[in-house]
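Below, chain A partners chain B and then partners chain C, in two separate complexes.
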Partner chain A sequence: MKTYMRPMTGWWRRNPFYLWYTLREWSSFFLTAYALVLLYGLARLSEGEAQYEAWRASLASPGSLVFHAAALLLVLYHAWTWFKVMHKTLPFLRLGGRRVPDPAIFGSGVASAVVLSLLLLWVLA
Partner chain B sequence: MKRSNRPIFWSLFGAGGMLSALVGPMLIFITGIAVPLGLLVPRETMSYERMLAFAQNGFAKIAILAVIGLFLFHGLHRIYHCLHELGLPLGHGWMAVLHGLAAVGTLAAAYLLTVIG
Partner chain C sequence: MKTRTLAIECLRYDPQTDAAPRYQTYEVPFTDEMSVLEGLQYIKDHLDGSLTFRWSCRMAICGSCGGMLNGVPKLSCESFLRDYYPEGVRIEPLNHFPIQRDLAIDQGDFLLKLRSVKPYLIPEAPKPVSEGTYLQTPQQLDDYYQYSKCINCLLCYAACPQYGLDREFTGPGALALLHRYNADSRDAGKAERMELVNADEGVWGCTLVSYCSEVCPKGVDPARAVNQNKVESTKDYFLRFVAPRRNT
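Then we have the complex of A and B:
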């Protein structure tokens, strides 16, 4: 049986909000690809030094750098929106009998991300 | 009544979203930009010896598995919805395929982490 499907071509260009939404959704492709890059690196690591070093050299190629720069921007935007909607995706949080206000949930999310990220950089640098 | 599998995959999607929101950008920056260019972080940070020792540490194994596995579950789950929104409705069978791929990737990572020792 063939059912009617509402045409959807170009809907995401009609409104700036949809455009930003679509841009954010693209982070899922980049995040998946990044996980595969790491998985491939892990496989090379298990094979030995020469194979691992070849993978590491490929990370410094222009194509890889452009990919990671794009992934960084999109995943950063994903992170921002993830915390932005967290007051809707989490169950109501109560502190001292009162509901935690939405900006506090957003703020603590961003603050945790910043602290964890700086900690990661500090440990390695 | 047949029980829904949604809570399981929804949790994996949520955990992956949270982990990627907390450390995703910094991880991408460190492994994909900073270390290859020797920017802020020395290049030897990801030398063979250091990464091998890292992957042989028990806590690091859990962290590596969490990053690869949860990023895959989160990313592939959202790719399904993203394609639907762009006019390519795949249907529930494909959702199972994408979750299956995420599971295969996670198992592959777990296998490699045990092989590394």
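Then we have the complex of A and C:
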């Protein structure tokens, strides 16, 4: 029987849900790029103080600041999306014979990320 | 009863005469309680008898009347014309499936996939009726109950871009039903089904878009079933190094 198959071209623009999903996937590239910048800094550190300070100074350039601001926003969004779907990756959790509600899993994930980030900031400061 | 008029734009495709789909708009009078399906039935009865679409139960049980309503996968029997007033509604067949005619899709691919997950209980050993019924605790029931509510309406497949991009992927609905049986305490067929879970067309084709769970009209949460089985698949892969598999 003759049928018609619709093309998938531009599927990610067809629905806001897909747009947010695509942004989530692209944010991984920024996460990777940020990790590589840090790794590069570590390599400079192993070469001595002058090289490390030069790397640190390069971070203050306007381009680098824009990149880091974008990376921060995208990493925050990335983390948020994974907490949103965290419950889907887990078997049913039960406490006292009752299922832990999905919003509680999401809330505990976000709360622990916020607390740990603040703790890290406090230690560094 | 107050009657208003709504523009319903339908995708039309006649395999005998059309090279590609086209759109046709109908002006449909409606009252507040009329569903989108009733709008289509009005067109069929009063405006254009050639419009083709599937339906049966009219109460979100049979899973026949799914379609893309303004680009969103929905059951037309539980969507209301009043919610699309005054802009109108565009109705298309479910995405990612071949169009047979107008709003009717070819579900053949899904039916093969459904069969491949062995969607039935495979008991450890046959149990004669004389031995009585299987007993389950409320928790054992809870382990699979939500997944058993699937009505095979295919909205999740229309929501899944991974299925659209790669039709080899077993897809959310069939994998949720696979999990429904694997998670059932009366079932012993998990080892047989793990082959499909682990395969290229199994759970790893999912990238957790999770739109399938958003559109599911029965609260099945297929994305959850698929992703729980990524954990199962990982365990299945690594545990064989410490615990040799039984030959099944």
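Some observations on this one:
One rule holds in what follows: the second predicted complex is superposed on the first by the 116 of 125 C-alpha atoms of A that agree within 3 Å, B and C clash if a C-alpha of one lies under 4 Å from a C-alpha of the other, contacts with A are read in each partner's own complex, and residues count from 1 in each chain.
Heads up, the rule we're going with is that a residue touches a chain if its C-beta (ideal position, glycine included) is under 8 Å from a C-beta of that chain, and two chains touch if they have at least 3 such contacts.
Every value quoted in this text rests on a predicted model; they were computed, and no experiment measured them.
Ranked by how many residues of chain A each touches, chain B and chain C are led by B.
Of the two partner chains placed by the overlay, only chain B lies in contact with A:116; chain C stays clear of it. Touch criterion met: A:88 reaches chain C, while chain B stays clear of it.
Looking at the shared chain after the overlay, A:71 reaches chain B, while chain C stays out of its contact range.
Contact with chain B, but none with chain C, is seen for A:26 once the two complexes are overlaid on the shared chain.
Once the two complexes are laid over each other on the shared chain, residue contacts for A:36 go to chain B alone; chain C is not touched.
In the superposed pair of complexes, A:106 makes contact with neither chain B nor chain C. By the touch criterion stated above, A:56 is placed in contact with chain B alone, chain C being left untouched. Shared-chain residue A:8: touches chain B and chain C both.
Note: residues 5, 8, 12, 25, 89 of chain A belong to the chain B contact set and to the chain C contact set alike, using the contact criterion stated above. Listing the residues of chain A that touch chain C in their complex gives 1-6, 8, 11-12, 14-15, 17-18, 21, 25, 85, 87-92, 94, 97, 99. Touching chain B in their complex are the following residues of chain A: 5, 8-9, 12, 22, 25-26, 28-29, 31-32, 34-39, 42-43, 45-46, 49, 52-53, 56, 59-60, 64-65, 67-69, 71-72, 75-76, 78-79, 82-83, 89, 109, 112-113, 116-117, 120-121, 124-125. For chain B in complex with chain A, the touching residues are 14, 17-18, 20-33, 35-37, 40-42, 45-46, 48, 51-52, 55, 64, 67-68, 71-72, 74-79, 81-82, 85-87, 89, 105, 108-109, 112-113, 115-116.
Residue ranges of chain C in contact with chain A, taken from their complex: 13, 15-16, 18, 20-21, 71-72, 95, 98-100, 106, 139, 142-143, 161, 164-165, 207-211, 213-214, 221, 223-224, 227-228, 230-231.
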